[in-house]
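Each remark here refers to the structure printed beneath this line.
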Amino acid sequence: MHNDNRKIADEIILRSGVNPRKCMKCGKCTATCPAFDRMEYHPHQFVYMVETGDIEPLLESKSLYTCLSCFACVDRCPRGVEPAKLVEGVRNAVIRQQGKNHMTADDVPGKLDSDLPQQAIVSAFRKYTK
Amino acid sequence: MQVNKYRPLIVAFCCNWCSYAGADLAGNNRLNYPADVKIIRVPCSCRVNPSFVLRAFQRGADGVIICGCHPGDCHYTSGNYYTRRRMALLFSMLDYLGIERERTRLEWVSAAEGAKFAATMNDFAEQVAALGENKRLEDLRCKR
Amino acid sequence: MQRIGVFVCWCGSNIAGTVDVQAVSDALRNEPGVVFSTNYQYMCSQAGQDIIIQAVKEHNLTGIVVCSCSPRMHEATFRKTAAAAGLNPYMVEIANIREQCSWVHKDMASGTEKAIILGKAAVAKVNLNAPLTPGETPVTKRALVIGGGIAGIQTALDIADAGFPVDIVEKNPTIGGKMAQLDKTFPTLDCAACILTPKMVDVAQNDNIRIFSYSEVEDIKGFVGNFDVKIRKKARFVKEDICTGCGLCTEKCPVRKVPNEFNLGMDNRRAIYIPFAQAVPKVATIDPDACNMLKSGKCGVCSKVCTAGAIDYKQQDEILDEKYGAIVVATGFNPISMDKFDEYAYNQSKDVITSLEFERLTNAAGPTQGKLLRPSDLKHPHTIVFVQCVGSRCASCAEKGKEYCSKICCMYTAKHAMLIRDKYPDTEVYVFYIDVRTPGKNFDEFYRRAVEEYGVKYIKGMVGKVVPEGDKLKVQASDLIAGKQLHIDADLVVLAAAIEPDKSARPLATMLTASMDTNDFFTEAHPKLRPVESPTAGVFLSGACQGPKDIPETVSQASAAAAKVIGLLVKDKLTGNPCVASANEMMCNGCSTCERVCPYGAITYIDKEFRMPDRTVATRRVAQVNPAVCQGCGACTVACMSGAMDLRGFMSSQIIAEVDAICK
Amino acid sequence: MKVSYFPGCTLKNKAKDLDVYARKCAEILGVTLEEIENWQCCGGVFTSKDEVATKLSSLRALRYAQDRSQPLVSVCSACHNVLKQTNYLMQNDQAFANKANLYMTSNESCDPYDGTTAVYHYLELLRDVVGFDKIAEKVTNPLTGRKIAPYYGCLLLRPNSVMQMDDPENPTIFEDFIRALGAEPVVYSMRNECCGGYVTMEDPDFSKSKSNAVVNNAVSFGAECVVTACPLCKYNLDKNTHTIPVVYFTELLAEALGIKEDCDNA
């Protein structure tokens, strides 16, 4: 089981191109994160948990869908770790599995209002589905 | 068992501050390597003119190895960087001359790396021996 | 033709155990040039050396080959022996048949064969040896210290105390450097001015020290013991020897709004100014960019009020030519610009300041007379946030800041935080840190006191964003131990900006041909064993120009550099290594390639007249090697395309002869 | 000057005015926006580089511009972000570029995309090609005295290593633009913080709090109006805050150039 976790974590590292070992644990990503209040696991925890292979809680977490992809953590990280890309890597590892889409086309009409720009729907759909 | 086992002739240029001292350390620690290796002391690996290497091949050497301080550790600050570039050029030219590139090597050996020196010489001697006797480069100046 | 003697050492059984020494001496007896060959149990012993001396005399030897242990062991011994026998010591060559033969080979036959070949190579080399004499150069007994901060001050004082004259070149109007701007110093909390200004006075009063303030080094030529330096004394428009430093001009000057660099722009000075009360030299300087008289010819107030008549609007820059035996670099550091870190709103709020600015804010001689008032509205701040590692420890891929730890920030921040809590117990102080690094005598105890006795709130985490809103600074930060994001309404934010070498260091290094690392810190000759010398002979390093340092470390290095300088200046002459490069002028084509590869700047080009075969005289550009500067690496000999450059002691012909002897 | 123009879905639908102003203003400034034939949606976000399929629409636009030796211009921040990041990947990741070009060449028999197209946001076009000084000369109706807060959001600036538009923490391009129109830019700290983005669909309260923080900060610095280049930012700010107006930057430009009424009637 533990081996499987390590494998998933390594796959995420490979696909996202993020090297979590560069992290010096300063916490600036988490200090920067505008979505902190909505997150169960915070950017620095994502980096640490992928590094150590403690991946299961992340795969189950709602935090995957609250990251705004604002990239503030990427630009402010003093070590060039790119936490947002890692969050995306974990999210991709989940939604690419069969039946794990976070949003379906049927969900969309309920979330619309008359002014919502197309951009929002397309972005959300691409972020949340395979 | 072969009676007349082929022995290659190997010339090793060693810089005075690191590699020559590394060779001495190999001696102090009684680390064996083939007697085929003959060392010439130079102040710095950057003193080794590519023509010295060619001269050795002209005179019948089967292999030439140049040893210097590790990059960044040169006693003269930057000499081994020159060596690295010069030898890269020389080695690529050897192909054109018809000398196998495996007959040459550039290695960084520090004064503390006696074991590395011996291991390098063992490995290099084996590598050169496997290639067999070298074609002697002709020195046209010596031709009548 | 040489008359060579060969001496094969047994080294007890060390050599003789694996090498047939008799066979070696017999074989070498037949080599060209060899007139005598023998072997002995211990060649390095007195008896062995006597054999050599005896043989030189009996056989009229001109060269010696000793087949023995490594030249790194006994080359010096046998050179002395040769000298004792009346030979030039550089007529000796060693064939290393112990470390590189008998000790690494087990087989007698192959060991003997190799020893003979190594001996032949040494004989071939000696046949081409020439007597060498080390050059001697005189030493100018005066030192130059570049930079007048605490590093330069300490170095200069120590050199002067040993009785040697020293000049300090300082680009600012006064010496004192960064330390003069500091308030208190860790870990003892004595006031910086109280311990620095007496030293500045000592410098001013020391007969052996001259201060060239408001001056810059413009050009450096020469080499160890003999540097020629051009110094530009910038026009300060005040006669230094006449000005009494009374300061009346600085009170009457009508140009009042010039940002005061000593207080980091947090208040203003006049166009004519004395940086601070204890300045050395205590003379006024006119800022030509601000002075009405110099800009438009209309004013002249300072000249009118100066009873000493020291003002000189026509003063020009002056170039001084000085000679020195040694140069000490003490150019110091600066905090980096905060422009790339505007997530902390440094450019948007006056109440976001750097730690150096904070020093001025708490200094009794600073813009607020030492009262802790925030710059925007001069109110007392009640919540203060310190941010550590701003621009330090950044990966190169992050494209901003520096990769190294700035080393001093942890301690000065602990000091700032402690002092605030001591003076203003009603103030909340937060310190956001990545790691607290306190390796130093009494340093960790000091930091713990800040936490335990003074109640400074140290939070393991980082600040991500500072948003000025109303009269507050909204600080968004992480607390990694609590797993929280904190939102603090602060009144003042203090950034521990990374430090970097002064911008003047890079051009100076070029002038000195001294090497630097990628961060523009000067490189030491050896990171452990020669930490205060530059690889360039005669150039020494003092203080933060070599790497981030606090005051105790800077002072230690400053004194160490002084000791090295004194060790150089006490010598009347420097004896060089005779194995140096030299150019054959007839073959040199003036291409400058050798000049470019020389790591020491030992090669220069001169125009020289040559008498040609047809009796005309032609001027040609040829290379000249300065033997006092050349260290004998030989890089130039290989770079030389015309074959003009050769290295004494390791001539191309000698090395080729060794190759031939080995390959025969 | 002619440029290839990628309008994007939103500009054809909910943000038509952004598009109309951009085109008319470009005409006055001597730039012709040639709309790419049969452009496809950029996808809204740039996702992980291990996906090729989601990059193909951008790639088609990039090559369309390459074929015409024109720069590629977009107005919508999201489209610009995706185009620019795709271009960066094509320039810097040879393995990706080879793979992506395989898809292209098999469908359409033409040369592979070589990474040479310059990708401009409309603002960069104004700054680097037209020049803010030239714009200032063409202003007939200067917005004198108006205090305008630029809102950059995320997509124009980040990731900075790719976007390279301006300093990500201390940008000035929008401020300089506002100055060129005769108005006074309001510099405030939240100008590069997130408005809540697409998460507004799932968690509207959350984007409300983010949007409010941005606008309140701008107001505290004396802003009378917020400008943006992003339809989603405008939606979030508009919907969640009602203190000051939020407008597209092209609308301001049209107003300053004296053609706003023409556009509105068009």
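Order of writing sets the labels: A, B, C and D. Residues in every chain begin at 1.
Keep in mind that, in the parts below, a contact is a pair of C-beta atoms (placed from the backbone, for glycine too) under 8 Å apart; a residue touches a chain by one contact, two chains touch by 3 or more.
Predicted model only: the values in this text are computed from it and were never measured.
Peer 1: Just to check the components: without subunit C, which chains are still in contact with one another, directly or through others?
Peer 2: A, D | B
Peer 1: In terms of CA centroid distance, which chain is the most far removed from subunit D?
Peer 2: Most distant chain from subunit D: B.
Peer 1: Across the interfaces A-D and C-D, which one involves more C-beta pairs in contact?
Peer 2: More C-beta contacts join the chains of A-D.
Peer 1: I'd like the Å distance between the centres of subunit A and subunit D, where a centre is the mean of that chain's Cα atoms.
Peer 2: 25
Peer 1: Counting only Cα atoms for the centres, state how far subunit B is from subunit D in Å.
Peer 2: Each chain reduced to its C-alpha mean, subunit B and subunit D end up 61 Å apart.
Peer 1: Per the centroid of Cα atoms for each chain, what is the distance between subunit C and subunit D, given in Å?
Peer 2: About 50 Å, centre to centre.
Peer 1: Scan subunit C for residues touching two or more other chains and write them down.
Peer 2: Each of 343, 465 in subunit C touches at least two other chains.
Peer 1: Two-or-more-chain contact residues of subunit B, please, as numbers and ranges.
Peer 2: none
Peer 1: Out of subunit A, which residues touch more than one other chain, so two or more?
Peer 2: Residues 37, 72, 76 of subunit A each touch two or more of the other chains.
Peer 1: When you check every pair of chains, which ones turn out to touch?
Peer 2: A-C, A-D, B-C, C-D
Peer 1: Could you list, by residue number, the parts of subunit B that touch subunit C in their complex?
Peer 2: 9, 11, 20-21, 23-24, 26-28, 30-33, 35, 38-44, 46-52, 55-56, 59-61, 75-79, 82, 86, 118
Peer 1: Help me check something: in the complex, which residues belonging to subunit C touch subunit A?
Peer 2: Contact set of subunit C toward subunit A: 343, 389, 393-395, 397-398, 401, 434, 460-465, 476-478, 480, 483, 485.
Peer 1: If we count contacts the way the header does, which residues on subunit A are in touch with subunit D in the complex?
Peer 2: Of all residues in subunit A, those touching subunit D are 15-17, 34-35, 37-38, 65-66, 68-72, 74-76, 82, 85, 88-89, 92, 111, 113, 115-127.
Peer 1: With touch defined as at the start, can you tell me which subunit D residues reach subunit C in the complex?
Peer 2: Result: residues 160-161, 167, 169-170, 187-190, 193, 216-217, 220 of subunit D touch subunit C.
Peer 1: Can you tell me which positions in subunit D touch subunit A when the two form their complex?
Peer 2: Going by the criterion above, the answer is residues 8-10, 13-15, 41, 43-45, 47-50, 54, 76, 78, 154, 157-160, 168-169, 192-194, 196-203, 206, 210, 230-232, 234-235, 238-239.
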